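Going in written order, the chains are labelled A, B and C, and every chain counts its residues from 1.
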Amino acid sequence: MMDGQLLAVEDLEVSFATEDGLVRAVSGVSFTVSRGEVVAIVGESGSGKSVTVMTLMGLTRSPNSRFAGSARLRGQDLVDAPEQALEAVRGKEIAMIFQDPISSLSPVQRVGAQIVEQIRAHEKVSKAAALDRAVELMSRVGIPNARERARAYPHEFSGGMRQRVMIAMALSLSPSVLIADEPTTALDVTIQAQILDEIRQLSAESDAGVIFVTHDLGVVADIADRVLVMYAGRLVEQGTVDEIFYDPQHPYTWGLLGSVTRVDRDPPRRLPAIPGQPPSLVGTLEGCPFRARCPHAFDRCRELPPLAPRLPEAPGHLDRCWLEPSVKRVRRQAGGRIGLTEGAAS
Amino acid sequence: MALDSADDRGAAGVVVTAAPRDLSPEGRQPSAIGPWRLAGRRLRRNKVALFFLALFVVIVAMCLLAPVYSAHIAGIGPNTNNITGTVSVAGKQQDVVSLDGVPIGPTWGAHYLLGADTNGRDLAVRLLYGGRTSLLIGAIATVIIIVLGTLAGLLSGYFRGAADFILRPLMELIWSFPVVILGVALGTALAIGGIGPVKGNSVYIPAFIIGVVYIPYLGKPIRGEVMRVRNQDYIDAARVQGMGHWRIMFSEIMPNVSSTIIVFVPLILASSILLESYLSFLGAGVQAPNASWGTLISDGLDYLQTTPTFSLIPGAMLVLTVLSINVVGDGIRDALDPRAQVRVRT
Amino acid sequence: MARFVTRRVASAILLLFAVSVVVFGIFEVIPSYNPARAIAGRNATTTTVQQVSEKFGFNKPVYVQYGNTMKLIFTGQIVDYSDNLNVVQQFGQRFPVTASLVIPAALIWMAGALLFGSLSALRAGRLMDRGLTVAAIVGVSIPVFLLAAVLLYAFAFRLPWFPNTGYVQLGDNPAEWAYHLILPWIAIAALSVGFYSRVLRASALDVINQDFVRTAKAKGLSERQVFVRHVLRNSLMPIVTLFGLDFAALLGGAALVTETVFNLPGIGQYEAQAIGNLDVPPIMVGAMFTAFFVVLFSALSDVVYALLDPRIRLTG
């Protein structure tokens, strides 16, 4: 393992046994997270991005779940680890901020107490000392009157403030890896920018690696160093944020980029959406998962393309598409910009 | 680079491959099935519930056929005393009731299958007739409770106002009385005088009493459900469309509370049968000469130390019946609950 | 808080009044109801019966009778028809017996329900849960009098481990007091343990799937810590409501079957006898006594809710 590399996920597979059959939520996902970098995972609902990060925390374990592959956090595998080992790591080495702060914080406990609980779960400190630290953390994330507010309940805070509490709680033990699962989706756009700043600043200060799950490309452009694009439980493209935005190699990524409406252009007659639905994850899907919706699919697509670098000048830029890079450069132009279909772009 | 394009392109520019269902690009779709059929399927898979349902059906059938058993097999009625008679057991004639008053034990034959009581009555016949009475009372009470309880809940929950003003305190009042005490008080009072044309020792009296006592136990939850449903937007939409109150109640609200009602039916049936046994045990339920499992147990307890079977056999039948209903009811609740914790085998 | 208390007191008074009217009314329905004759005795002459009737006011109109009865109740002078005993005094004497029966039984069944319900929820769907579910269903399918009879037969008669019947005062001999009450405690607790553990299980399973429980787990708390500190605390509400009512009813004499079978001279036994004898005063006092507890415990439940969930304010 390279120095500075905190997390190495290799061939992660997560499946759930249901009444309708085995649902393969995550198939063959591999990536790394290093010190100080922000890795964004993008994809639509059901792409497997949340399941992936929850599995890193061990939150998907149930009698009906099946796992394969590994996820090594500083050498220790999280997928196979016994529950007690995971308990020692959760919150301390790897912490998570959830999407909806009102439902993710305990409604019957004061927020200060919840942060204290996090601290005392891993460190032997007195309640008073832990509370002092909690108050300090709360001020650091931008909550005014922190000592007073620590005695308040979650429902007495606004959405943005609640999320700051969650951030304070997650960073309280200086974890090596911070996972943010759509932390701004439930917030106003104006608050969103503040929260992103908060996350970026705090993680830079502590040199933690951040995994940021989102479906919002605007957020990705803002905060990410590297991007992972997921579709139907698989990684379909992976690269630096510049590579993904300026030289995307996978048709699904083109679709994602193409569906973002741009402020600096006239609005299109029709919003360019990707036609069709994601495939069912029940059972094994043969071939490229995107081919049912891909206008560029051809018969080789019946065979699953491996996630591999296909550009000699960008060895870190991986994708799963059989098309030749030169063809891709042509095909991804849809009406003067990057997109999936001609659509009705102006 | 030319593309292989041996496949058809559909109208939307999407490749449609001729492939078996499992290999289709959309993946294997889960079957589309409504919530009732889904519940039915889950219930059918619950072997234990099915077993007890069958057991319950057998018990009911046996009890309903009591007259047949009495006339054709045992040859004696449930209230026919036979102190001086004899019965043929394994070829020998034995006294039904011995000279010192000890009745015969189980003969395992057609006559006096389970033995006789101190009056020479055939216990098996009494057991079946008693069961018939207990089940009949339970069934009638259940019908009363379901009909009136649902009505009360609907009226007070939907119309509020005058209906709620009368019905709610009324339900609360009945509900504040401990069930057994109210039942016994009513039972004692009505056993003597009856109600109107119905005589005091009629079987319908306990059924009526149990019905009245338990109405709030259904009426209050239904009222709550109705109030919750009524606040939904689609009810407002229906009103705006011009739907009348009654039509809304029966076509919009009822289907939504029907699953609550269905879950309650077995619960109410079991409770009614149990309450009848309590009332009969205390002398406030079924009156002589009629018998129910409760009266049989009560009569038998006098002989607990000498002949425990007098009370234990009807006791066992009672418990088995109520148990079967409760297990089936549990199964129904599990089948209707989408979050049932089930371990799935793949 | 003051508004809460006044509202509760007001509803208590209303309920007591309504309850007394209902009880009085039930017995007015009986055509053959003749308390004068019951008091005078079987062999009394018509004149005696008439004298009794006048003395107790049975010949007066219904509402006057009701009024008199209520007055007697509240001045503590009300007397029962069967044995001419002061009802309020009887209740006073018998209450410790009922309390001795009900309070420890309630502690046992609640402890059991918390334990079994929690285990069931934590191991939901697995063998322990299925086993406990079966036990719970069996528990709610057995009538108390049958269970009591079987317990007596098995453990007091066949295996003479426990005494047959009767009650020993706590003050006289604590060991004997408990010894006599063990079987009745088991009878009452066995009935309710199954029911309450299932309620807790259902409630806990609802809570376990909520987001904040996931957060608690993500903090690295152990399974036990997550369950006790987060799940359990939020699952207790339905139990608190149900328990308040059950307990109130039992204190008011709802355990009459158990008291009768085990021959414990408590309030339930008194009420059962009174009902059998169509003896109205004890029944009225008993019903009001129960109603009082119902309101009291319902108010206490509300206080407990407010303690458990700070979002709830006691508005009354």
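Keep in mind that, in the parts below, contacts are C-beta pairs under 8 Å (C-beta built on N, C-alpha and C of every residue); 3 or more make two chains touch, one makes a residue touch a chain.
Predicted, not measured: the structure shown is a model, and the values here were computed from it.
More inter-chain C-beta contacts link the pair B-C than the other of B-C and A-C.
Ranked by separation of Cα centres from subunit A, the top chain is C.
For the pair subunit A and subunit B, the distance between mean C-alpha positions equals 51 Å.
Spacing of subunit B relative to subunit C, judged by their CA centroids, is 25 angstrom. With centres defined as mean CA coordinates, subunit C is found 55 Å away from subunit A. The set of subunit A residues that touch two or more partner chains comprises 63.
Among the residues of subunit B, those in touch with two or more other chains are 342-343.
Residue positions 125-126 of subunit C each touch two or more of the other chains. Within the complex, the subunit C residues that touch subunit A are 125-126, 210-212, 214-223, 225, 229-230, 233-234, 308-311.
Residues 57, 59, 63, 83-84, 87-92, 95-96, 98, 100, 103-108, 117-118, 121-122, 153, 155, 166, 169 of subunit A touch subunit C in their complex.
Residues of subunit C that touch subunit B in their complex: 15, 18-19, 22-23, 26-27, 29-33, 124-126, 129, 133, 137-138, 140-146, 149-150, 152-153, 157, 205, 209, 249-250, 252-254, 256-257, 260, 271-272, 275-276, 278, 283, 286-287, 290-291, 294. Against subunit C, the residues of subunit B that register as touching in their complex are 169, 173, 176-181, 184-186, 188-190, 192-193, 195, 270, 274, 277-278, 281-284, 294, 297-298, 301, 304-305, 308, 311-312, 315, 318-319, 322-323, 326-327, 330, 339, 341-343.
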